[in-house]
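You will see two complexes here that share subunit A, one where it goes with subunit B and one where it goes with subunit C.
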Partner chain A sequence: MTRADRVGGLRDAYRAKFRTEIALQFAYRGALAIWLLGLLLGPIVYLVVWTTVARSQGGAVAGFSAGDFAAYFTVLMVVNQLTFTWHFYEFEWRVRNGFFSPLLLRPIHPVHNDIAENLSFKLLTFTGVAPVALLLLVAFDASLQPSAWHIIAFVPALMLAMALRFLVEWTIALAAFWLTRVSALNQAYTVALLFLSGQVAPLVLFPPAVQAAASILPFRWMVSFPVETLLGQLSGEAVLVGLGVQIAWIALALVMLRLVWRLGVRRYSAVGA
Partner chain B sequence: MRAVLRDVGLLWLSFRLGALDALQYRADFFVQLVQSSVGLVTALAGVAVVFGQTDRLAGWSQDELFALIGVFTLVGGLIGMVIRPSMERLMEGVRLGTLDFALTKPADAQVLVSIQRVDVWRTVDVVLGAGLLLIAISRLGQHIGPAQAIAFGLVLVAGVVIIYSFLLILATLAFWLVRLENILVIFGSMYEAGRWPVGIYPPWLRATLTFIVPVAFAITIPVESLVGRLEPTTLVGTLLLAAGFLVGSRLIWKLGLRHYTGASA
Partner chain C sequence: MTSHDEPVIAVRGLRKTYQVPEREGGLRAATGSLFRRRTREVIAVAGIDLTVASGEIVGFLGPNGAGKTTTLKVLSGLLHPTSGEVRVMGYVPWERPSAFLRRMTLIMGQRNQLSWDIPVIDSFELNRAIFQVPRDEYRTRLSELVELLDLGDLIRKPIRNLSLGERMKCEFAGSLLHRPEVLFLDEPTIGLDVTMQRRIRGFIERYNERTGATTLLTSHYMADVEALCRRVIVIHHGRLLYDGDLSGLVSRFSPYKTIVLDLEPAEDSIEGLVHELVGNERWIVSVGQERVTLRVPRSETTGVTTRLLTALSVIDLVVEEPAIDEVIDLVFATTAESGELAEASTDDPS
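Presenting the complex of A and B:
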């Protein structure tokens, strides 16, 4: 098979998968809305907490006014929804019940199945997130006035963040090949993500050591960086460096994913059909 | 009085059965312990980050918020231990017809279904929450007199009763609507918002958390009474509301039961 054939085949597979996946997920609109509620509520709660703090401190905390916090957490909510993945909750069940078998029998890598699932989920839920975000921007009087270049830089930053978070979380999910209970690992990761990706507070409000950890590890580049970019908190140079760091992390994550996958799939043994 | 003693006996029996079941999976205890501890530390760290920038949050001090997280964890543990698993099984019973087994037993069916399943490892949350609450109380020290302690106990019980009745009403809706397991997931999401005092939320969200999903009564209001910030009228109102909820949920339960036809026959 030539390379062009393989790319064409993959494209057809994606197209088919998107069509079925959107129909499938749309059938469970109620469940989708409930997932969404959980995803939205966290940022809204922290938005309220921090705007309250800013107001009680005479209008601003560490240079963030109440309107800045509102803009920060609203954009964060959107970025979080677009970068979010859930596969590391699902893998244990997949491995334990043998649901990997049909995926392995297909002639394309199972990761493509999950990418298509993930993108369909985001496409459908974004229709719910967008109006909520607009509502929050107005209700909390957010000060969001990005210049043109902030918006232009935001697009690649967001897309790289989506790719990076997906690759990292999918690789973590592969731990299910070795561990029978992954909930503790998942929780440790989620907590680290919560603090180090800027979901509890903007990273600049943390002590320097935490900020350094967030920048050295991939966390900042998965969520916080696109938010900082759109809000215009970064210089042009910092944005370029950030995009470079994102690309470097994506390359590293890709290598890790291939390696861990190759080792892990050997350990997989399914029972039954 | 004898009926109450019998109900307590039934609860104890259900707890023991739950324990026997759970003891088959002892490693789960450690999983729960790790998860609950990490959850608690995460919540405390979140508060610490906020109080790194301010010393009051809408009139609440850091120790008061620690007490709030203690009550949040404690009540969350009670819900997760008995109320939620039992309500899930009740809804399943309505759908599958297995509710027949509860109805044919010679005890009050509402009591039976409300305690039918106990997730014993969730006592970890109850213990951790109570521990944090005690630490916070000792740090708040001199501000808490016996009057506040009694008011706190009363309002906390009332809050749990309100939450229980609310969840029972939600679960009872299954008699009419059959499929709605997801409704408890929504409650779980909204409950998370209760780890901060409801006073900080904008009016629409505060109203939701007070009247539509009555989380405020089980968490914020008890802690307010503990630190002596609760108006006497709110205290009386909460107690009356708890009584109202208890009676109301009982009526709705009876009404729903008439709709139940059983599926096994």
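Presenting the complex of A and C:
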């Protein structure tokens, strides 16, 4: 089989998976709506809290006006929705109940299954998130006036953030091969992500030590960085460096994923699939 | 990959042991295990050799925990063996090369592989794409499978709306769309009613006839094995007890035949007479006024029958091989008594 055949086969598999996945989501419209509501609620709460704080402080907190907060959390909501993954919640159940075995017996890496699931879910939910975001921008009088180059730079920053977050979280999910209860690990990761990716507050409002940690670790590059880019908080140079850091992290995450995957599958197939 | 005379499945010295954590019940033991974990080695497969030729249907028999499922999982690539050499169509299964995965399938009666919530046909379409089956071939095979399994409109419904038997039929169709050359079937008829069992059985037979697929199947239902498998492999406590044809299994493990005679009602007790004619107390199962039941060594069957027929007024005579279920029971009971394998675990490690 040639490389072109393989790529063509993969594309075909993705297309089929998209179709079934979208059919599946439609089969559970109600559940999808509730999911979406949950996704939107967090950022909206932070948005309301921070704009209220800003107003009560005489209009701004550390240079962030109420309008800035509205813009930040609205863009954050969109970026978070597009980058988030849920696979580490699913892996424990998969491994425990033997649902992983059928995936292993397909002549295609299981990661493709999850990428396709992830993208199709995003595609569907984005149609719900986008109007809500527009509504929030207007309702909270957000100060969002990105220049053309901010918008252009936002696109790769967002796509790289999606890739990075997916790879990191999928690799973490593989811990389920070793631990029968991975919830504790997932919880720790989720808390770190909440603070260090700028979901509770913009990273610039944190002490320098926290900001440094967020930049050294992959967290900033998975969520906050594209938001900062679109809001025009970064210089051209900072954006370019950021994209470079994202690419470097993705490369590292890919290596880690392959390594952990190999060890994990060996372990899985040693202890009884 | 495989030449003509080379076996499709070749297994040599296959061993699989599991490390299972061990602790006693109760809080003290639970806290103790926080600091010191004890594990125990459970032997699931204790060294098996076997070969299967192209196109064979082989029945894999053994009680729960015998190592059947473990062996099937090793052969299909889900499990890494502890030691031993395995080749399936020339591939090392647990390396799971995609060329291998595209040529075989594993169907487990207790597990669904098709998506629960979407119409079956959508899951099939996904399998087509994943296994890269060309569209025209897919259409031919699908209509063939729909016909063979009598699927009809079922494929338009989601799996969750189907009965257990209908689900199993769809599982079969979905797993065979890529026309595998090797089939591993783990309890494919489990939980199904007798009619559905028969249909699945008939289907396996016809699929094998049409495609020449090599098939290894485990089942607790002897009817499956009797109908499908000329050759059976019996394993118990991870060891191979028997590998040969089904009739050989019966004569090897059950050297007796059952003789049942229906008699004209007699005035006097015939017990003494029967004892004298049979010649061995131990061969007599029961003696009534109208019926005598005996369990006689194969070699003596003719002699005993002749003597009884001449001396008694017989209405009807039946000489039977013991039921295959009984033979299997006997096999496992004998080896359990002998105690030679008592070390191995009895719980199913799969």
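By our rule, the second predicted complex is superposed on the first by the 268 of 273 C-alpha atoms of A that agree within 3 Å, B and C clash if a C-alpha of one lies under 4 Å from a C-alpha of the other, contacts with A are read in each partner's own complex, and residues count from 1 in each chain.
Here is the rule we go by: contacts are C-beta pairs under 8 Å (C-beta built on N, C-alpha and C of every residue); 3 or more make two chains touch, one makes a residue touch a chain.
Predicted model, so just to flag it, every value in this text is computed and none were measured.
In the overlay built on the shared chain, the residue A:34 is in contact with subunit B alone; subunit C does not reach it.
Once the two complexes are laid over each other on the shared chain, residue contacts for A:106 go to subunit C alone; subunit B is not touched. Using the contact criterion defined above for the overlaid structures, shared-chain residue A:194 touches subunit B, although it does not reach subunit C.
Contacts of A:269 after superposition: subunit C is touched, whereas subunit B is not reached.
After overlaying the two complexes on the shared chain, residue contacts for A:42 are found with subunit B alone; subunit C is out of touch.
Within subunit A, no residue touches subunit B in one complex and subunit C in the other. Within the complex formed with subunit A, the subunit B residues making contact are 27, 31, 34-35, 38-39, 42, 45-46, 49-50, 52-54, 56-58, 182, 185-186, 189-190, 192-193, 196, 200-202, 205.
On subunit A, the positions that touch subunit C within their shared complex are 1, 5, 9, 12-13, 15-17, 19-20, 23-24, 27-28, 98, 101-102, 104-108, 266, 269-273. The touching residues of subunit C, when paired with subunit A in their complex, are 18-19, 70, 73, 76-80, 94, 96, 98-99, 101-102, 105-106, 111, 113, 115, 117-119, 122-123, 125-126, 128-132, 158, 349-350.
Interface of subunit A with subunit B (complex): residues 30-31, 34, 37-38, 41-42, 44-45, 48-50, 52-53, 56-57, 61-62, 139, 181, 183-184, 187-188, 191, 194-195, 200-201, 205-206.
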